[in-house]
């Protein structure tokens, strides 16, 4: 049997990689990808907790499914925003989208 | 070390390596493909956690829809073959440090907490229970409806966002 | 030693090999792995060799539709034409365009075949024969099928060719869209069975689900055609518009793999339709002699495949706007309506009403819905005829 | 909730719904719109009458009225409950309100010229020239809303819901009085519909605010607004009487009563807030009928009848000051308005002042404790006044047709331009005559006689001699001006071409007249005093009084029958009619001739004709001072003079000090702040790179902050 902590550490690692990606990627779509990694880490954590701490209840999986729905919505709206930005400003590099500067 | 543990370590390794490649490779299409790889590996981990339904949903939703959408928009928003410019911003060392600290903190916290574990039971068939819990008015029908409304709003919102502005012609 | 049973000879062989290896002294766990591997190997080879025959069949039948003879030089009735083609493709050079993304370029076609083979895992061939009786089998088949989209996009993008890329774009829009009615239609057998397991669905079909839900069966079939990009939905490889779409740059054996994937997918989809709506392996005596189930399933599959060939040979390719209209304005609402209808009728019918009477009640409700839909289509088409038609919307730019 | 209470809930719904339906959906189709409005009013009528006859068929209905309520607004530990209730008083209202509303809506179909097409001259916001009303469907939506609000008010079981209906009616009256908002007159002093609407709205609003204060006061004292819960709870009433109010010497019950009565003064146009009502005649005539008969002013009287137990609280020991004030206000208004009506020439204005006068009768009746008489008169008045208003609308309509035909530019509402209409508009004439006689109190036949007689009898029986005299005087004048109006309008020869070419109106207009005329006669017989010979036992012994008394927690003492008031009211009624006939009927007014009364009264007539110059007085007493205060006192003296002056002198002082310190500043102070400012600017320049505008930089900050906070919390938890 795999210990719970392994899953948790894996999720933490995935989450941190996601954070790095969000903070360091230049391309907005790249940032979105990293965001998906973070969401996946969260779901992974939820599922692991469900399996080890409450397998008789469905709430853990339920929570994960709701996060799935949120992730789908986030991806759709996020990509639509990126396409819209691309159409207006001709770029998807997050650095160049900086009208709020100074 | 049991066979299960070996399988886990292999899938976890694939997950982490491809995730790392997602955030580091220069070519965004490749990043998207590595993202697919990561998601598939996570689905495999769900299988090991005996969450079959979630694994399949992960494949159908993340790989079948989200990842493809992401790759699609990469293609849409770039002059496709050309790799222009650096793919990370100057603050990346700082980001790496922060990510490391986050990982350290999270891992430390998650490992050192003595999680009380439930007794192991057979969870092979949860689909029916999930389905019933979803439409049970006493349990999850409200979150379910809220999620559907969220999806509908996201659908309408993304269409109206991405729709090109109508020019007066 | 397993008991011999003629009716279940394939399972007998499977068990026999296992028994033999265990008695030979191997670890039982390892033996199970070897057994499964062998079965999978056989299944995969069967699946991969099928297109050789279906391609010939398709060419012959298409020729008959077009008042031609079709292949008739190589072997009797041209039966070996496919082998000749394979030989030719194998000996040709594999050309990689300059600037192509090599790894992705090679992975693309492979990824188009692999998920199709994955679907075969959950197809029940007989009451005792199924690769893995997943409790989410239906969903699994859709999920794994969705990866084909990715393969086409990879191939189209990696070719460094704008026609290929256009094909990839079209693939993304078409394949992702048509997954919606596909899944909605799939929900109906699931709903009628109360399970997503393929074997459960087959077992529930005392009366074929095509009687219960003819609309769902049709929607599933049509959107499956779109999913595999076959005519009339072949706009992602439309030769006359974008040369050959995503596989324009492929040659030799890689091209063969694309073709293989496409034909295998078509055949697989036919098998899925048979399993989900035509009773799968069920037929006279199939319970007693499970080996008959394979025959029944293949017969049904070929029947469905014949229909798809028929459509391919007779219906012209639709435009991209028609493709989108058909999906979002017709199939999706209809699938939703059918889903609600089936759920309602199933709930309203008294539990005592069982068997074929129940099935025909469902059938009647479906026919009623169909009459309404055709009435609406009729008024709509009359309305459109009365309008002065606007210039057709150009696909793309 | 059983079927009958459900029916009660549903009574106000159809008109409210039809207003929405017309405004939102059917506004394109005139036919559909008025059909929707009519059907809705019809449904309300059927529901209302089913409740009415159900209640009439129930023995001892008053002991177990229909009531149902739901929690509506939680207020702390208690909750405001919204509900409906039907007791005998409601039954009376439900008998005539839906009927009048439905008839008025039916009448409006003809009045707004349905069936004609839009004329080229017809503009939105003006009365139709010869075509159909341009805002036809909107009119029906407003009327429906009005009717729905009135019905809501009638079935309400608490003051708050009643106030809802009250306020919706306020809005509707504003919308409808100003319906022809585009209308302008050549004479700048003549009130335009716009001004009339604003006047009506503001005047009633002033009263409503006071009334709301009363409601709030009542709620704070009792914790409920439900009528039965308050009035049928003797302890609560005792407590209300015993509690002193904020004004010394006045009990809380009386304070509340006064405040609520103020609402009625505004809504039912009692002196001194009556001035909006005559101006409200600027609206289309069905609106006038709606306001004066079915809805708005009835609502005011209905409300005081409804809260009568509260107003009369404490009357047992020491008398209620509220009732005394009501008596004074009511009787004064009755006489006052009657005198004005004598000198009016506008056909609708006469009726408007007669309405004010009759409302005064009702208020007076209530003031002297004649509860039943007030409700009785309210009902009969609703019938004959609706009849009169609709009749006058028919007259005006006929005159307008005549004017259109003869191309004269005359005021179609001026009675001096009429005459001889009896031959041309026979149905209108007959019904108007019936209504007029009922208003005048023609003895023994008309409904108006019986109800008015009951008020007078009550006044005499309880020894209110002054009141009796004032009311008799008013009744005499009423009969007089009614006869004057009938004579000037219908009899004699036409005084203008228009009058000569007038013709009868469409059936949708005359049918309501006929129906209302029937009730204007018969409605009186239900309330004949039980000791009256012959007639008293015709319909049982005064069923109306028996039925209605149940609405009160304690029965009022009745009075025994006496011939004196009957003879008195016969005398004044017939006397007034005779006087009117002698002056106006015997020798009809010639075209262009002056009013014979004008010569007789001289300057008094001018005073009456100008309504005692009350509008001018209000203008001078309130409007002009308010304008003066704002423009001269506040703006010029207070603001520009005192405050600005203070500020200016302060500024000059500061400037003086400033000039003195300039030198010091220049050399001593400037250098340091300059350096400081430069330093700040340099710091800002140096640190502005923090605002990179890049979302990821911000995000980095967020993550670091979250980390820091988590770390802090963890360390603190240790």
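First chain written, first letter: the chains are A, B, C and D, and each begins at residue 1.
Operating definition for what follows: a residue touches a chain if its C-beta (ideal position, glycine included) is under 8 Å from a C-beta of that chain, and two chains touch if they have at least 3 such contacts.
Computed from a predicted model, the values in this text were never measured in an experiment.
Chemist: If you tally contacting C-beta pairs, which comes out ahead, B-C or A-D? Let me know.
Modeler: Higher contact count goes to B-C.
Chemist: Distance from the CA centroid of chain A to that of chain C, rounded to the nearest Å?
Modeler: Centres of chain A and chain C (C-alpha means) sit 33 Å apart.
Chemist: State, to the nearest whole Å, the distance from the C-alpha centre of chain A to the C-alpha centre of chain D.
Modeler: Going by mean C-alpha positions, chain A sits 64 Å from chain D.
Chemist: Report the inter-chain centroid distance for chain C and chain D in whole angstrom, where each centroid is the mean of the CA atoms.
Modeler: 75
Chemist: Where the CA atoms of chain B average out and where those of chain C average out, how many Å apart are those spots?
Modeler: Roughly 28 Å, centre to centre.
Chemist: Indicate the residues of chain D shared as contacts by at least two other chains.
Modeler: Counting only residues that touch two or more other chains, chain D contributes 694, 696, 700, 703.
Chemist: Name the residues of chain B that each touch 2 or more other chains.
Modeler: Residues 53, 57, 65, 67, 69, 76, 89, 91, 94-95, 98, 102 of chain B touch two or more partner chains.
Chemist: Residues of chain C that touch two or more other chains: which are they?
Modeler: There are none in chain C.
Chemist: Name the touching chain pairs, please: which are they?
Modeler: Once each pair is checked, the touching ones are A-B, A-D, B-C, B-D.
Chemist: Which of the residues in chain B come into contact with chain A in the complex?
Modeler: Checking each residue of chain B against chain A gives 2, 4-5, 8, 12, 15-16, 19-20, 22-23, 28, 31-32, 35, 38-39, 42, 45-46, 48-51, 53-54, 57-58, 61-62, 65-67, 69-70, 73-74, 76-78, 85-89, 91-92, 94-96, 98-100, 102-103, 106-107, 110-111, 115-118, 120-121, 123, 126, 129-130, 133-134, 140, 143, 147-148, 150-151, 153-155, 157-159, 161-162, 164.
Chemist: Touching chain A in the complex: which residues of chain D?
Modeler: Listed in rising order, the residues are 688, 691-696, 699-700, 703.
Chemist: Which of the residues in chain C end up touching chain B in this complex?
Modeler: 99, 101, 104, 134-136, 139-140, 142-144, 146-147, 149-150, 153-154, 157, 160, 165, 168-169, 172, 176, 179, 195-196
Chemist: Looking at the complex, which residues from chain A come into contact with chain B?
Modeler: Counting only chain A, the residues touching chain B are 1-2, 4-21, 23-27, 29-30, 32-34, 36-37, 40, 43-44, 47-56, 58-59, 61-62, 64-66, 68-77, 79-84, 86-87, 92-95.
Chemist: Write out the stretch or stretches of chain B touching chain D in their complex.
Modeler: Against chain D, chain B makes touches at 89, 91, 94-95, 98, 101-102, 105, 109.
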